[in-house]
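Multiple structures are listed underneath, in structure tokens.
In the two complexes below, subunit A is the common chain; its partner is subunit B in one and subunit C in the other.
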Partner chain A sequence: MKRFLTRRRGRYRMDWMDWLSWGYLVVGLLLMLGPVLWLVLSSFKTETALAEYPPRLLPLSAVTATVEGHDAPLPLFDITGGEHAGRQLAEIRRIGLEAQMVDPAAPGETISISIDDRTPAREFKLATENYTSLFSRFNFMLYFWNSVFITVVATILTVLVNSMAAFALSKYRFRGRTTVFLLIIATLMIPPTINLVPIFIVVSELGLVNSPWAVIWPAIATPTGVFLLRQYMLSIPDDLLDAARMDHASEWRVYWKIVMPLSAPALAVLVIFSMMWRWNDFLWPLIVLNRSDEFTLQLALNSFQGELQTSWSNLLAMTVLTLLPITIVFAFLQKYITTGIAQTGVK
Partner chain B sequence: MSGIVRRAAASLYAFTFNLFERPMLAAQRAVGMRRVAWLFLLPNLVAFALFTFLPIGLNFVYALTGSDAILLADRPFVGTANFASLLDCASYLDPNSCRRDIFWRAVHNTGWFVLLQVGFMVALALVTALILNRDIPLRGFFRGVFFYPVLLSPVVVALIWKWVLQRYGVLNAGLEEIGAEPVNWLVRADWAFFWVVFVSIWAHMGFYVLILLAGLQAIPAHVYEAAEMDGTSKWRVFSRITMPLLMPTMVVVLVLSLIRAVQAFDEIYVLTGGGPGSATMLVLQYIYETGFASQPRLFGLAAAASILMAVVLFVLTLGQLWLTRSRAEGDSR
Partner chain C sequence: MAQLDLDGLIKDYGDVRAVHGVDLVVEEGEFCVFVGPSGCGKSTLLRMIAGLEEITGGELRIDGVRVNEQRASERGLAMVFQSYALYPHMTVRQNLAFGLENIRLPKGQIVEKVAEAARMLQLEEYLDRKPRQLSGGQRQRVAIGRCVVREPRVFLFDEPLSNLDAELRVTMRGEIADLHKRLGNTMVYVTHDQVEAMTMADKIVVLREGRVEQVGRPLDLYNRPANLFVAGFIGSPRMNLFDATVAGVEVGALKVKDAQGRAFHGAVAVDGLSPGEAVVLGIRPEHVLLSDHEEEDCLAVTVEGIEQLGGHSYLHCRSDAGASLTAHVAGQTALRRGSCTNAVLRRAFIHVFRKADGAAFERQVIGEAA
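Right after this comes the complex of A and B.
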């Protein structure tokens, strides 16, 4: 292992720069992933385990046992000292520094134990009810579906509308081509955040407020998408298109059956970006979706954390479920995503 | 499973083709081959017109009219009153002397935020990119680790850190373990601001690391080989080769991160809600609260504030164009 970690191309010695780099990377690893892992671990703890301070790393919860003659389950303790050391007893009640305890196997006899001689018994238990109650009590599926609907529909429309425009701008020569292209590129300088009020006015005049289309329509035409696809389509040789036209293919067929399949790598980048943008969207949905049954997952999480400050157990589980899809996509498509971003400089 | 997905995608693809083929053919015959490009541009141009170009104009119209009415007909013309009220200040350095004191507090906060967030983030991103550019095992893995938070939604980012930073959270437990005093991180104004900057760096740094890494890898290897042959010291290689050749990428990173920082909102809003008080309220949150979250909805004031923000962004973008342009000229000389 050490050999593997310290090996370098050509030579086998690590110098101080390598040690420093490794130190930096390890600290970085802890800082970047630590909080996320802590969230995931915490999401499996019961509400009582979450309230514990200082918190434990793993989801360990107190063990209880039902003992004959007692209605409520009694907490179990490991006895660490005194004449009963090594046994596991259930506590009936505590009186001062003494605890009255009972052996679950022999419920007749009550034993007095000093409270210094015992520690609570714990077991490793995943509180999966944090997750299951999201579905039964919190309408999780509705928010999830709202998010999926917006993400999928907006992405399909984004790809369609922007690739059509990119096709026109890269494969036809017509008057005004440069003007239109520059006009679209110029909108890169106008982020939607500075047009919040007027876009809201337009959306509400169209009667879209509190419908998923209020999020979808304003998002489908993106200068980034047009630019990305146009640059890629420019590299497709025009001869291919002319050959198809010789065979009396309609322009739509040329676009759909020749240019689109050949642009697949660029389309994939746009699909990934668009899905990321829409899934993570926050400010705009916050403005146009006010009814809770139209909430996306992000909005539901936000309102949830505002309302139920105390119910961390469900909130944590919901957060984990929200970051799960993106994490899975990233795990499989890491290379596409990182090279796509490095090449285009968009996020 | 993947077979089903692929077949579903293929049939959706074919379906869309069939759906549009006849209408598009008819439209193509109607407009003629010479104008067929406009047919393909149409959906995009309509969307741009409705949701980008029309709003730019409307922004000014709303900024110049008053009242909380949403319909244009009900809004009286007030001239530059909205701008005047935003800019009405005895001293711009003291938000308390301004009529819109919250706006100016937000402007001050945004100024500090941009300065600290961009400064530290670009520096850290550079260090990280330089390290990841070295010949180190597990490089791809570490690149993924630093990039991962970029993909998380702002709400998730904020909740992850809220859980760590809460009064009885793991950070305070760790501090007490080593004998330090616990702190109510998001309740104390100075600490809240620190964490807002920190979390924002945490969430966005990976993106810039990736761009800088691409810039580093574009530097041809033979330049380094030549330097090694001449026995050039590591520091000289860095300051005379790496940094000058990385400069164009650094400019892009700097301007992109400046533009983003000026518009920061999401994770900060969820993490602190702009609080305590208005200690972490930034300009975009002011616009959101003025125009949408509080009654009465002051659309005019919000529009005016966003036009002021647009001016700043415009200057930054022009700065980028000017910087990259003068660099390109410098190279050709």
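Right after this comes the complex of A and C.
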């Protein structure tokens, strides 16, 4: 780790190239990771801390103390000036530029302090209730399950359908093979928004609206997947397929036992892509899933943003939870992305 | 165990005809080698037998049953590929068992047969390795093992040794010949290497441009090549060939003259030959005698290059007329580059081909057998 981080081009000290590349990398890191980091930190802030201006990076919240004779906990302040400087007092109420305060240790005595002479006492506190309330007040698990079901089923079907198409297009010689392939690739050029209405009509005619299958079926045949897998399968030697045929293997066995295992790197890439597409999908589910018990996480997130008020603390917490699964999947499969894309790339 | 009958097999790729009506019988238990330069259609022919290429015309019969329409998996043949084509994601054991699993053999029998094949091919230690962890020779043995376990009716080999180094090639050649002796199966073997063909075959089929040039036992092809192509292809170094004209025709003997008017005699059938006809004279390097004085049937040559192999030597010479000639000398030679000598073309070993179509005239004396 130390050796990796101290790598440089200059032999004895950093040369200008090193400064440049380190600078570039650090800026890139801040640019890309910064918002995510802020999101995670903010998700642990209370609603009041979120509304505070100027915003703070760490989730700090006002310290309160229960003082005898007062029902609600009182916020604590550090006194910075005047005769009481250095003490920590609780505020009873504020009157204009003066505040009536009390020492929690001596609850009988009321002290009047100018508001310029005090700063609120803060402590580092994670507002975990943002998260727990997702499970108690909102039906997080239901949305999570909806998202998982759609993502997993759609990914399995995507891999199956696309790999079969790619197998046929790469390993069988038939009339019109190139035409079919070009037609599939050509669909990449049609903006998805143009398809929305026709696909919606088909889906609603089939009576699939408000069912997860309305999201799954239209998504499983992807030109990108067919292209990716076809290019990869072209690199599998035909001799292997012929050898399997000589070994009494049916075409299905050739596909399942030879071509599929050998396409694993490309399949992994497609799995990651498909999971990201389906998990992050928003527009299409928004159109076909109208009942809240069919909502995916992305739709549920959207529903936090009400017309009159937005529950930012819950919204941020749920956003973090929504990011987590896809991040974990990506972390496990990312090595295939680099190798897979390198191998499937234009040869 | 099966007999293969090829009856006018034709293969077209679009408008291009790759195989022009091949007729051939491969007897039961025979080791038949298809040999020819690259692009002669030998691999295509093998793949047609295997069922991996569609047959455009003609009929293919295995044990008298037409199999044109059967798929590769139904013909009961096994094939060793040039690239070995081992399944890279399976261990050696899985590679060997794959074919047996496909015919839904009971587990116990599969284990038994794989173990037997592994023992026969000395693969037992490698059963749990992946193909990429094996050397070339071991991969080759796995490829053969994959065929052996299935007990096929016919073994097909598609240039199986061409990816191996020279030494290993000799060893594997012996192993395959050994395997044939032990199993006694019909085998069809494709190679472009005439040494492999000569050493392993019961029967050689020489192919050129999708046509069969000659079929026969290795020594028959060597001693009695049917035409110029076979004469040039079989034998290493190549047969020496010169242009000549028929000078005189006697029973069982032919007198020809080269461009310089030197006379040579050959013991060949002379039917259909008349004086003045253009022919090609052929003689193998080992049938050229070097002599320090002029004799009958001799040619004055200058040595241009010498290959001293210790046990024997090859001299690459050029005649005063400009024709090149290779001579084989037993043992070592005292001649040097630039030396002048006389090359005697031994009468009994002369081959004569018609210039127009390359067809051979039958030799009357087979000196080699004597």
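Note that the second predicted complex is superposed on the first by the 258 of 347 C-alpha atoms of A that agree within 3 Å, B and C clash if a C-alpha of one lies under 4 Å from a C-alpha of the other, contacts with A are read in each partner's own complex, and residues count from 1 in each chain.
By our rule, a contact is a pair of C-beta atoms (placed from the backbone, for glycine too) under 8 Å apart; a residue touches a chain by one contact, two chains touch by 3 or more.
As the structure is a computational prediction, the values presented were derived from the model and not from experiment.
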* Answer with first, second, both or neither: which of subunit B and subunit C does A:I194 touch in the superposed model? => first
* Considering only touches as defined above, state whether A:K257 meets subunit B (first), subunit C (second), both or neither. => both
* To do: In the three-chain superposition, say which chain, subunit B or subunit C, touches more residues of subunit A.
  => B
* After superposition on the shared chain, which partner residues are touched by A:S274: those of subunit B (first), subunit C (second), both, or neither? -> neither
* To do: Kindly classify A:N130 by the partners it touches after superposition: subunit B alone (first), subunit C alone (second), both, or neither?
  => neither
* Asked: Is A:A165 contacted by the first partner subunit B, the second partner subunit C, both or neither?
  -> first
* Applying the touch criterion given at the start, work out whether A:M246 contacts subunit B, subunit C, both or neither, answering first, second, both or neither. => second
* Tell me which partner A:T46 touches in the superposition: subunit B (first), subunit C (second), both or neither. => neither
* Residues on subunit A in contact with subunit B in one complex and with subunit C in the other? -> 250, 253, 257
* For subunit C, which residues count as touching subunit A in their complex? -> 47, 50-52, 71-73, 77-79, 81-83, 85-89, 98-99, 102-103, 146, 150
* Partner subunit C, residues of subunit A touching it in the complex -> 237, 239-240, 242-250, 253, 257-258, 261-262, 264
* To do: Sort out for me which residues of subunit A touch subunit B in the complex.
  => 4-5, 7-9, 17-18, 21-22, 24-25, 28-29, 31-33, 35-36, 38-39, 42, 51, 53-55, 160-162, 164-165, 167-169, 172, 174, 177, 180, 183-184, 187, 189-191, 193-202, 204, 217-218, 220-221, 226, 250-253, 255-257, 276, 279-280, 282-283, 286-287, 298, 301-302, 305, 312, 315-316, 319, 322-323, 326-327, 330, 334, 337-338, 341-343, 345, 347
* Structure fact -> subunit B residues touching subunit A in their complex are 16-17, 20-21, 24-25, 28, 33-41, 43-45, 47-48, 50-59, 61-62, 70, 127-128, 131, 134-137, 140, 142-156, 159-164, 168-170, 173, 176-177, 202, 206-207, 210-211, 213-214, 234, 252, 256, 259, 263, 265-266, 270, 284, 287-288, 291-292, 299, 302-303, 306-307, 309-310, 313-314, 317
